[in-house]
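So the structure is just underneath, and the comments pick up after that.
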Amino acid sequence: MDFNTILQEIQEEIQKYFTKGKLANYIPMLTQANESDFAMSIITLDNEEHHIGCSDKKFSIQSISKVFTFTLALEYYSKELYKRVGHEPSGNPFNSLVQLEYESGTPRNPFINAGAIVTTDCLTSIYKNNAFDEILAFMKKVSHEENITYDEDIFISELGHGFHNFALINLMKSYQNIKNPIDDVIQTYFKQCSIMMNTKQLAHSMLFLANHGKDPFTKEQIINESKAKRINSLMLTCGHYDASGDFAYRVGLPGKSGVGGGIVAVVPKKMAICVYSPKLNVHGNSLIGTKALELFTTKTGLSIF
Amino acid sequence: MDFNTILQEIQEEIQKYFTKGKLANYIPMLTQANESDFAMSIITLDNEEHHIGCSDKKFSIQSISKVFTFTLALEYYSKELYKRVGHEPSGNPFNSLVQLEYESGTPRNPFINAGAIVTTDCLTSIYKNNAFDEILAFMKKVSHEENITYDEDIFISELGHGFHNFALINLMKSYQNIKNPIDDVIQTYFKQCSIMMNTKQLAHSMLFLANHGKDPFTKEQIINESKAKRINSLMLTCGHYDASGDFAYRVGLPGKSGVGGGIVAVVPKKMAICVYSPKLNVHGNSLIGTKALELFTTKTGLSIF
Amino acid sequence: MDFNTILQEIQEEIQKYFTKGKLANYIPMLTQANESDFAMSIITLDNEEHHIGCSDKKFSIQSISKVFTFTLALEYYSKELYKRVGHEPSGNPFNSLVQLEYESGTPRNPFINAGAIVTTDCLTSIYKNNAFDEILAFMKKVSHEENITYDEDIFISELGHGFHNFALINLMKSYQNIKNPIDDVIQTYFKQCSIMMNTKQLAHSMLFLANHGKDPFTKEQIINESKAKRINSLMLTCGHYDASGDFAYRVGLPGKSGVGGGIVAVVPKKMAICVYSPKLNVHGNSLIGTKALELFTTKTGLSIF
Amino acid sequence: MDFNTILQEIQEEIQKYFTKGKLANYIPMLTQANESDFAMSIITLDNEEHHIGCSDKKFSIQSISKVFTFTLALEYYSKELYKRVGHEPSGNPFNSLVQLEYESGTPRNPFINAGAIVTTDCLTSIYKNNAFDEILAFMKKVSHEENITYDEDIFISELGHGFHNFALINLMKSYQNIKNPIDDVIQTYFKQCSIMMNTKQLAHSMLFLANHGKDPFTKEQIINESKAKRINSLMLTCGHYDASGDFAYRVGLPGKSGVGGGIVAVVPKKMAICVYSPKLNVHGNSLIGTKALELFTTKTGLSIF
């Protein structure tokens, strides 16, 4: 398959969608993105790379960070994590308190905000004050990239406007499902959301999940095969908030989106993909990113189904 | 009617219920109450007073404060208040976030926590840093009692454990239904809940609501007749969380309970009543207080129905 | 008080509202009402009568029938009834299945459709095939009016379009909270809703509830004083679906509305009132009827608060 | 891979689970199943067959029928079907009316009861009185088996006890999302649930979905490739009610369960599987069937992730 040609076709076919969608506006900093940005990166397990668009431009990874923190917590803390976070689709928007209250503070899965905050609380229990440093170290390891950090302005913007996340963490604390001080956990959480990466780096970072848990180049087993499959399964059923079914239906690949405009996806045993475009659809997922991935699986037949 | 005899009968008949119910435990300070305490005070519009039990013992008024802050806000701010807080029974427990999320941050009524917090936010917009002082001044005026203050230990205990209230205020802030800084509003709210009063003082404080808004002794019109009736109506339909219907059904008087163990009630055009006993029923209302008021209306026929 | 003058003032002041509201459209027959109809009847316990408008025109009493079936069931069946129907405001529209499912088939109160259907099921258990005849006989007794029956066309229209009520009764049957065959119960229920009465007759029928359960003319104790007060309390907290709090707030009298356009209300120890106007507000209550009652209590001061 | 050995290992390892789970009891007929029954069938695209247990014993396919009716409706009616049924996980038990009411009568997906009833309504619009015959004809075609019919006793049992399904269809009718008479649609629906098949026949019937829509033996394209993938995607995200995420997590294959005790699953491009054991777990899925499939993917590594 000629991936360069496919990427070029995709880039052409998505042009008509640039008039649609809206930049994330729940924190002011995200409204400053460039609406016409587009990038897509493919990296195969045998180290073939294909990129198109602004694939060197960094953006905040936002909820894509949840895949990595969950991986980290699952490796060191799976028994407790399984008790405190479920793995069912929520059937509700990403920030719903309703489900959380009906289910007494236990989030449906680690890829909605509440579940990701509990995951970060688990990492805080393990790593104490170093939790964010360890998350960053893990990102560097899986991306093979030393030069990764978070954006201070975005972090501050999250802290000052993330009232809904403060509501979630306080609600879970009232149900004793947050073990560490709220301020410690929420700061680490907002920092991980503010990590800046480009599509090349993110595609690279997902390769171990396409390869049954093993880094295809260093051969390090980042997480065991069974857990890697479960993370992929979670991305498929829960990776796109209340549009997860639609994404599975249209794209047919495990993936995870972030409100910064990025989406990562894996083709098991073959490759990892990352696409970026900052305008979001009504479900909070990159509108053009979703479209590009749908075109990709239609053109290549590389759906898991 | 011989109210002293009636109070004595009530005190006897409630004895068997002291084994039931549980102290409030959502903040540690409230668990230190004396489980066997009981007090009941009746003050008529023509200044007849009847008391039984520990009617000089002060307890934290908790949600009873909502009646007074709502009165104050209604007088100075009614137009905006009507837009930001409803007046329908919630049909849900006092701290439900579910309703609040479905209805985009607009609390059902001013007597559930969320509605009372919005009310305190209104008072903060009017009185700025003096909000709590003004609330306290109002309590002193309506109770004819200078010696009223809040309990610092209870206040600190609320601040350190009131995660659910923090969740509520953050959720409403995310819907722009809180105008002032969260910390300012929540501190005033927790202080008003920590105000210490006894049944004599609270019964006295409710007389203006039994008297169509006018203080029966000073003749000051605290609030106009129409608003006074509406506050009574709200107490009847919403004064006891998700047991409001049951209270109206059994007692048949407008009233308001607090998790500190107090309940106030009014017999329109006749008298105000306050009862205290700290153990709560499953709905978070004083178990013996509710029973005592039910006995009172059964014995006297003084229901509004 | 000169009630004739007051009724005339009300009739004038409501004229401007005739452009507002909408006829009930959930069954076709109800859309045939005359939009400009208005009637109001007041009957006092000492047999003074005041009427204005088309007070001889009959309309289908619809949900007003719930007051009478509940009275009848409460007298003969109260123990079981208390277990199977609650007495809390629902906080939801009159036909909500949500609450019913969360609470396993137990309706919140007897004045929402689900609760009224359970009440009719109770009457079916007592009276078997004669259930509707007994309901009609009761209506004749309390109205002192032999010439009352139901409208066959409206009944057929309900049967053919009342899918939501069929959903409710089937859901409750699945929770074993309906004891008799669905068809028997639903037919009786739709017949009771189709009973045709005018404001004179309905006002008359409510007098026993204004008089602590006793017919003021025959002196027959229809229901005991305690139960009569509880029915009044239920009308106040639950009589107008999810606008019950608003009705209590604005009108301040126990009352019950029907989608046919009628509203009944009582002033305890004084009088019964019925108002009719077929266009409904968004909550399904007569728009002009609600307005007229609000004007009535404002002008007379006859609120219970 | 030696599938016979694997099936034998599975049969041994599941023995300890026979003490767990419960027969479906929502209709009386299903309680008559033999608790110790177990069967598992694997059929590959190149026509290798492996069976273990009572693979000739027929059971009612129940919700497994939803896969086939949805396939049929999708082929002839996809435009309208997409408007009337969603494709998101429900996050709720299979029979929830809550979601249906909040979303105005539009079911979340075709594999919960409400969505399957709308699907059957679509087929009734196409095939009129022949709807059930066409469904049965389709089952015969995809299973290569003439001798398939429904069980009259189970059908009658469903009709007499399926109150919850009657509630669902009436609710959707009230929202105009059912176009045909309720009795016609519900009878066809209950008949399709009562179709009797064994694991051999069901595994055979699923082969076209493992083969991108084409019957691997007759080479007939039952449904196009894109639609076949979408059906697989729907089975993965929504095939097991509110345990769909868990099934994807543990088993990692598209599948569909029925309360009769059957579960079908496909390994795309490789094979179809059916397992049967009548005792259900708390989510209404075959307890041993789920366990057997989990063992199967663990032993073979044949998850799609």
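Residue numbering begins at 1 within each chain, and the chains themselves are lettered A, B, C and D in the order written.
The rule is simple: a contact is a pair of C-beta atoms (placed from the backbone, for glycine too) under 8 Å apart; a residue touches a chain by one contact, two chains touch by 3 or more.
Here the structure is a predicted model, which means the values were calculated and not measured.
S.K.: If you check the contacts of subunit C and subunit D, which chains show up for both?
M.R.: none
S.K.: Farthest chain from subunit A, going by mean C-alpha coordinates, please.
M.R.: Here the answer is chain C, farthest from subunit A.
S.K.: CA centre of subunit B versus CA centre of subunit C: separation in Å?
M.R.: 32
S.K.: Can you give the whole-Å distance between the Cα centres of subunit A and subunit B?
M.R.: Spacing between the chain centres: roughly 46 Å.
S.K.: How many angstrom lie between the CA centroids of subunit A and subunit C, rounded to a whole number?
M.R.: That gives a centre separation of 55 Å.
S.K.: Among the residues of subunit D, which are close enough to touch at least two other chains?
M.R.: None at all.
S.K.: Can you identify all of the chain pairs that touch?
M.R.: Here the touching pairs of chains are A-B, A-D, B-C, C-D.
S.K.: Could you pull out which subunit C residues touch subunit D in their complex?
M.R.: For this pair, the touching residues of subunit C are 96-98, 100-102, 163-164, 166-168, 170-171, 173-174, 182.
S.K.: Per the contact definition, I'd like the list of subunit B residues that touch subunit C in the complex.
M.R.: Residues of subunit B touching subunit C: 86-92, 99, 108-109, 226, 228-230, 232-234, 236-238, 242-246, 248-249, 252, 254, 268, 298, 303-305.
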